[in-house]
Each structure stands twice: as C-alpha cells, then as structure tokens.
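Note sheet for the following structure.
Per-chain residue numbering starts at 1, and chain names A, B, C and D are given in the order in which the chains are listed.
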Amino acid sequence: MATIRVQTEAIDIGAETAALTAGRADIGGIGSFLGTVRDTAGGRKITAMSLEHYPGMTERSLAAIAAEAEARWPLLGCTLIHRVGRLLPGETIVLVLAASPHRHAALEATAFLIDFLKTKAPFWKKESFVEGDEEWVSARDADDSAAARWDIAAR
Amino acid sequence: MATIRVQTEAIDIGAETAALTAGRADIGGIGSFLGTVRDTAGGRKITAMSLEHYPGMTERSLAAIAAEAEARWPLLGCTLIHRVGRLLPGETIVLVLAASPHRHAALEATAFLIDFLKTKAPFWKKESFVEGDEEWVSARDADDSAAARWDIAAR
Amino acid sequence: MSGAGIKVLYFAWLREKIGVAEEDIELAPGIATVAALTEWLSASSPRHEAAFAAGKTVRCAVNQDFAAPDAPIRAGDEVAFFPPVTGG
Amino acid sequence: MSGAGIKVLYFAWLREKIGVAEEDIELAPGIATVAALTEWLSASSPRHEAAFAAGKTVRCAVNQDFAAPDAPIRAGDEVAFFPPVTGG
C-alpha cells in the first residue's frame, strides 16, 4: 500500500499528494513532512549536501518502516520518498505522507515515519563547506531519542 | 509572517509549499496537514459539505493561532488556509503548513495549529446526506480534548 | 450605526432558526452584558426564543472576540451568536 | 559468488577509507560471525584496519538486515559495513 521511492529528482509534494489521494473520498486528512537542505551546518555555510544510500536495503527498510506505521495507525496509504546524489541548499531531501480517516493518526504516523527513517534507513549525508572541505554527518543522539519515544529500539 | 487565507477555490499544497519556502535555505523541514472531505458522516453517505464562517473574526482568530504557534516554536513561517462554500467528498478543506529549522518543531507546530483551528476559528460545517436531509455538524469533545493537551483552555 | 445601537450577527443554525443573518438593535437601558442581551433577544420573537433555547450550546463573540455571558456590551459593538465551531 | 564466498560492501566514510565499495571474500574457516569477519577484514590491509578502528561507530547489515556482532555469517551472504545512518 505504501509508495516507496529513492530518486535523484526534486520531490514534488503536490504531485505526490495528488497520487496518494486520487479517486478516494475516505481520507480525512494527510499529514506530511518535507525535509529540505539547510545552508548551514554546525554554524558553517555549506555549498551542497551529498546523499549516499545502500540500494536494496534502503527499499527494504523503508517498506518495513511503512508496514510498522500501517500496523500502528489506521492508514489509508503512505508515501516515503528520499533523494540521493548532490543537493543544493533549499532543495528537497525527503518526503513522508500519511493519509488516514483521522487527523491525529495521520500526524502521529507522519512523525513516526520520519523519526524511524532517520534512524533505520541506510542513508548517509556528506556536507560540502564553502571553505572547500567536506565532512560526513555524524548520527545525532537526538535522532535515536526521537525514535526511542515510539518504543522500538533504535539501532 | 504567517499566510492566512479563507477561499472558495481548491487548496494547492504544492503551490503553497513553494510560496512558503521560495528563496529560503534556512528551513530544515515543513510539516503539513491537509484536511479533505470524507464521503461518510456517522455511518451515512454524504453528497456535500458546506462551510460557513464569520468574515473578519476568522482572519483575526487564525492570526492569533499562528502568533501563538510562532511564540512556542522556532518557526520560519506558517500557512493557514481554510475553504468555505460547498465542497464535495474528496475535496480539500483546510491546509496547515509550518516551516522550521528543526523537524520536531515543524511537526508539533502543525499539530498545534490544526488542533486550535478546529476549536477556536469560527467555521461551521453542514453535511448534506444522500437521502436529501442536511445537518449541522456538532462540536466534538475529542476536538476540545485535542486542543486542551496544548495547555490552553479550549472554548 | 448611531446612538445606542449595536449590530447583531447570527451564524449556522442560529441564523437559520432566526431567519436573519444580521440585525441592528437599539440597546434598551439596562442591557449591558451578553447575558442581558441574550435574554432581551430571546423575548423579541418566537424564532429568537427557539434559537436561544439551545442555551449552553450558543456561543458569543463581542467585536470578534469570544465573550462570556458576563462580558459587557456597549453602543457600537458587533455582537455575534453561533454554535460551537466545527471547522478544519 | 561460488563456494565459501561472501560479498562485502562498504558505505560512506568506510568506503572512502578502504578505497573500495565492494569486494568478494573467500570465507576462511572459523569466520562464522560478524565479529570474526570484522577482525579478519581489519587484518587484511592497513586501510581496512584504519577503517574498522572506529569500532563502535561501525554498523553491519547481513543480507540487508541490521546485524549484531554475534550474528552468523554464511557462504553466499551479502555483508555491509557502514557508519550510523544519517538520512532524512
């Protein structure tokens, strides 16, 4: 039921929302989170963010995250799209959509999906700074804590 | 900073997201909730939902709700759009967008905004059933409870 | 609006029951609160009486802010009556 | 892959430090867990040693599922090593 995609192209929230809701009249609301590239990291200006992933495992882990959300909330569909490659500040990185008859289910599932995507899906970011150096982003304890509040061990 | 609008036209989440984020590279994420018309109410099929509002007070109350969200979370912008008039099942009713450097702030502000919009903004819904009768929607205790969890008295 | 007048607005089923969306009222002496105005309006016609009989489920706003029964009413005010809101 | 071979993948800074994205390894006798494989790979070159020296910050997946140090490794497996994930 979930739409899972890894792509290099920009993410079009309008088109994805339309695809998720097309022909349906049983949805009460769609929650979403659209992540975008900030132009600073640790107080330094960046020129780009490069995303690498583990093809195969990525799709498996996103499908598992979506299945878990569908088991926990009465979802009528969800969408997980993550970009890879070189992205510029302001560009889209990730989109989560969750549709449900009820707004709280839609919003909670959205928060759950993005928290888990950040701790369980095999993506890695590298920041390119204006000074010319590059650095792999370190995992944040805050992300593990965010995932842990849903009562599943973050790995 | 907030975009507040009451309109009869369908809501375009893509265009509104683009307007909110245009030219910016300080946003880390945009949370959103898009409400749509369900084709059933209390187990009965509906043919339409009609929305009435209190012009003037609507805009004041939406601006107050947005200002409260901006005081509570580090938002870089938010959008509140509500439709009025006669809407068909599957159509958009309401859109909330909240942009922040941080994803949890964006998602929490989104939930706060829609919970408060539902209890504080002067909109009223009337359902038209397939049998031909019409009924004004009653306020739900669940909506007051949802608003109350944010520690502001729901009225 | 001039003199001791106020503007009264009705929404949703209150509007439908009373049959008008808006009326200009001359404030009688002693009508100084939302509660007093509600009582005065109820007595003004059977339709008003029927609408306001819903009692606790009628909400009020004075000059576009939610107002409790003891909120003051003054000449020139815009006073609205409506059911609990159900938007979103 | 044939015989006792496994495929090993590296991502992010592990890939950069080791200098290859993927290698086919003949499983030596006794290499039956992630921990044993990690130790064997570390000893295979100074670049591997430097990469795996990061120790606790290296994660592993066997056949595309996250795997703990005591997880078994069998011929034909796809084993990946990478830093903690940072997507989203």
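General remarks:
Here is the rule we go by: a contact is a pair of C-beta atoms (placed from the backbone, for glycine too) under 8 Å apart; a residue touches a chain by one contact, two chains touch by 3 or more.
Just so you know, these numbers come straight off a predicted model, no measurement behind them.
Common neighbours of chain B and chain D (chains touching each): A.
Using CA-based centroids throughout, the chain positioned farthest away from chain A is C.
Annotation: 26 Å between the Cα-based centres of chain A and chain D. Separation between the centroids of chain A and chain B, computed from CA atoms only, is 23 Å. Taking the mean of the C-alpha atoms as each chain's centre, chain A and chain C sit 49 Å apart. Across the assembly, chain B contributes 35, 103, 114 as residues in contact with two or more other chains. Residue numbers of chain D whose C-beta contacts span two or more other chains: 88. Applying the touch definition to every pair of chains gives A-B, A-D, B-C.
Of all residues in chain C, those touching chain B in their complex are 9, 11-13, 59, 61, 64-66, 80, 82-88. Listed in rising order, the residues of chain A touching chain B in the complex are 12-15, 17, 21, 23-40, 89-90, 101, 103-104, 106-107, 110-111, 114, 146.
The residues of chain A lying in touch with chain D in their complex are 35, 51-54, 56-57, 60-61, 82, 93-94, 114, 117-126, 136-140, 143, 155.
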